[in-house]
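Labels A, B, C and D are assigned to the chains in the order they are written; within every chain, residues are numbered from 1.
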């Protein structure tokens, strides 16, 4: 047994990592929906889900069960193969793109092996990512075409056109960062932002690349068909866009794919422009290393307090447990400095990703939807020129006074 | 360790299939695709040679070929749209005005 | 500024005048055209005078004056032809004749052509002619001389055909052009030969090389290189100067306006041949054969033309034939080695023959375009000045002392007499002189004396304007005094003309043959004889045409065949046309046109075209318009290419064979 | 049977099958999908050869742009199953044999090529991208500019062609 493990450890480690990542991502997806609903609800001064479990925390599980158990009708006259292929493609590609994201600086030392955080560490990382996003158009387009119905067709047309046009500016807007980093590799890009540890937050790419960041974020939102660019699934005009004809789990696939790509985009934004796992504070401020526990412990205590005075018995049991667990985690970090050191990178990374996800939701809650021609003219006439200009300016600056 | 000739033969096969498709298919779009297939076959040969000789210019040429293919696709598809619009058919054999 | 350094001005002025008139003159009134043309000619005349003055006052060490090199015209290998102008005594004589007489004739023409259409065209041509003539006489190498030579030919063509709507006129022009081509062909061959021999065509170097005694007999012998070259050059001269057998164009050239006949076909252009022979005398004197040929041809032409002149009735044609015969005199002089005499006669002849033509033109003008002497008569009262000037000219050409013609003709006859074996030449020359005076006085009598043979009502005879009479008078004066510079030779003095030309031309050879005294008295005798013959001719003419005017008819009746022969100019034109023109026409019609052009060339071209069409008809069907078929064609092409590459080792030898 | 060889055979089989499927399928969309498969397989082969940049570009441009354009046009024109007309005799009779002959020629020409082609090669990934870029912007800069101009012209042409004439 042990010998077998040692024999092909790498493979096993990879499998484990993949499984773990899948689990995490799917869970995060699920709770992202909950988070979104909550936030939007509070923005609209509603309660949002709160029946299923305390604060509706079990709502995602219920949804998942519903997706799995619902009947899955296949409309008449659809092109079977493509009809089934489309959601698979969408989900597969979305999940694959996560695999390229590195989640932490130094490898985890376990069983006498270095286990890097993150699955694939390609030296054309960002390019591969773009390749995958480029392919993800097919999911939508084919779904729209294959379901043999006019609304999906229109949705598919729209989305494929929209994705192709925004992909250009997406790619272009990153070139500036690539020029600064001089590499496609995501780790290199992050490290390139740590040239001056003392600058902290001011060393990040977002300052020199503010234009690029703007373009990138907008284009990314459009790529993911989120508000305000969610025309492919504009309820008011296209029923539900390309996945009108999809039910139950195939629909779930599209759903998960969308949220996963949201996460991916957030990761990319973080890594490209906000220094990935770098701390916003100068490296010399070692006391900031206790920030995770400083955040975790009060939060845990608040959860306990909130749980004790919760209406339902169930809540009174669950919430304090969760709260104490969080508090314990904070305590552990204080207790073991090595663990604390190790956690710094992932902590900041996740924190930034969380912020971006919040921004996504925020936009969803506030912004109106574009009209189609506005969308196109915005993408072609504003976004693309600006991003190209950004490339030119960056290249010029690097040539003039080697801005690295 | 893959011999270069394997890649070359593969590219030859793909090219031949592309030619077959070019002659065999009637749908303009498909014919166009077969052209792209041939281009890809040629690219494969390019990359194989450049890697075998450790010279990068082959890959540069691949980039050029891709760019040209993109331009060609843009124009060609525009033409196809026009054709479908004017003749209500995508069958090349229904479009035989290409003569005196 | 010394003109000698800027000789190019002299020819350039007429060119400018010609360009101005030709390009802009169409819009201008006649006055401006006049002023331009006359201004150009007159100015170049003045410049020529100035040049002569400077040349004569040139310090002896500068002589001979070096040719002025302006720019290289042709440079090919060792061959070089520059635009070089030279000036020496011979050139001076020609220059004076050309510019002076030319200027006078220009003045005359302004009056004569006043009512013609194409006025500006006429003067443009005339100035152009002046330009080329000046280039001809001032050229310092054969090539440039040939340029002038061809140019004057062109101008004579243009001017003979001036009334190009008249068929006879345009035909005459073509005839002149073509006949001249024959001569020019010989001339060019001569130039080539000279270049091949001397590797240069510049006069100075060429003559220097030619007079080198090293040349042996094979060069100077009967069929030596130089003899051939001289004969070829002489062939050109016969063409240009209307000698046997190429004289036929000159009489027809009378179709042109009279001033043209006067300027080109009497005074200047036709003498170009004589000028060339004199210019290249160094070549000629070395070659006995060439000299003999020149002498004989000249002598024969003189007599021949004179006989024709006897019976012509067209006033201008009489003059034309007399021109031919006078030119014959000049060649006779050259042939017997008396180049200076020839040039002298050239000059005097220019004076009186131009005068004759202009006077005849005035007569024609007076008669309103009538040229037939039989329809004239008794004009002497009506047009006095014309009559007197023309009489002077006639006396001059007939050789009555002390007028110009006497001295020159006398000098020629003398030198013809003096060379060994020259007596027959002398005899014929004498006879020709008699004939000359006969037909000239016949002309005078028929035209001016007797009773009018035209009806007075239609023709209003009137004297010409002064613009025409002025030149007549001037020329009359010249033809009186023109010969006097050579006069002293008669009473033992020096021949100033000959001595003036001496630096260029060798003195007559015959002069040394006999001692001074003998030469002198012989000269006197010959002069008396010549004058006697001239008077005889006069007398005969008087007797025939004044005393009993019906006599000539009867003589003509009695000697009908001879008369007809003369009247038809010995049927030379008919002979030529039968011998040359007809076969040529036949060949070009039946062989070159009908066979070569139509059958062969057109047939080939049309055949190719129709072949292409038929092939296209077959191949067209491959173009079905079906894209898939085209795709298959493309594949076939690709297959062929790849097959060639694939089987290259096998194909290589085949391709090698093909290559 | 080294792992590379195994991967190669898998990808090659994928590519050939995709190409065959392109011919067999009668609906343009399916042909397009099979062509996409071919392209991804080729990209994999490029990765196998170690020219990762070309692989990425292959997928991004071919897969992400050009083929999307095809699919888009097919959807736009709502192209149905292709009709099997046989108007062109020539293509019907000579087409396939000729194509096969061409294929045979190519294969034979390669098969009998010299030994250097038979030998395998070490995939050199190091600094490959950098090398390509330097070459592209130093040695091939003029062709590069030309192609960009070509792209511009193509865009204009596409716009002009595809826009409906205003009436």
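The rule is simple: a residue touches a chain if its C-beta (ideal position, glycine included) is under 8 Å from a C-beta of that chain, and two chains touch if they have at least 3 such contacts.
Because the structure is a prediction, the values reported are computed rather than measured.
Engineer: Report the chain closest to the protein's overall CA mean, measuring from each chain's own CA mean.
Structural biologist: Located nearest the centre of all protein C-alpha atoms is chain B.
Engineer: Could you give the separation in Å between the centres of chain A and chain C, each centre being the mean of its C-alpha atoms?
Structural biologist: Using C-alpha averages as centres, the distance is 109 Å.
Engineer: How many angstrom lie between the CA centroids of chain A and chain B, rounded to a whole number?
Structural biologist: One centre to the other, that is 37 Å.
Engineer: For chain B and chain C, let me know how many angstrom lie between their CA-based centres, rounded off.
Structural biologist: Using C-alpha averages as centres, the distance is 81 Å.
Engineer: Starting from the mean Cα coordinates of chain A and chain D, work out the distance between those two points in Å.
Structural biologist: Averaging C-alpha atoms per chain gives centres 32 Å apart.
Engineer: For chain D, give me the residues that contact two or more of the other chains.
Structural biologist: 53, 57, 65, 69, 74, 76, 87-88, 91, 95, 98-99, 102, 106
Engineer: Could you say which residues in chain C touch two or more other chains, in rising order?
Structural biologist: 624, 626, 628, 631-632, 635 - these are the residues of chain C that touch more than one other chain.
Engineer: Could you list each pair of chains that touch, in label order?
Structural biologist: Touching chain pairs, listed by label, are A-D, B-C, B-D, C-D.
Engineer: Which chain C residues qualify as touching chain D in the complex?
Structural biologist: For chain C paired with chain D, touching residues are 624, 626, 628-629, 631-633, 635-636, 638-639, 642-643, 645-646.
Engineer: Can you tell me which positions in chain A touch chain D when the two form their complex?
Structural biologist: These residues of chain A touch chain D: 79, 81-82, 85, 122-124, 127-128, 130-131, 133-135, 137-138, 141-142, 144-145, 153, 156-157, 160-161, 163-164, 167, 171, 184.
Engineer: Could you list, by residue number, the parts of chain B that touch chain C in their complex?
Structural biologist: 19, 22-23, 26, 31, 92-93, 95-100
Engineer: Touching chain B in the complex: which residues of chain D?
Structural biologist: For this pair, the touching residues of chain D are 2, 4-5, 8, 12, 15-16, 19-20, 22-23, 28, 31-32, 35, 38-39, 42, 45-46, 48-51, 53-54, 57-58, 61-62, 65-66, 69-70, 73-74, 76-77, 79, 82-88, 91, 95-96, 98-100, 102-103, 106-107, 110-111, 113, 116-121, 123-124, 128, 131-132, 135-136, 139-140, 143-144, 147, 150-151, 153-155, 157-162.
Engineer: Show me the residue ranges of chain D that touch chain C in the complex, using the header's touch definition.
Structural biologist: Counting only chain D, the residues touching chain C are 87-88, 90-91, 94-95, 98-99, 101-102, 105-106, 108-109.
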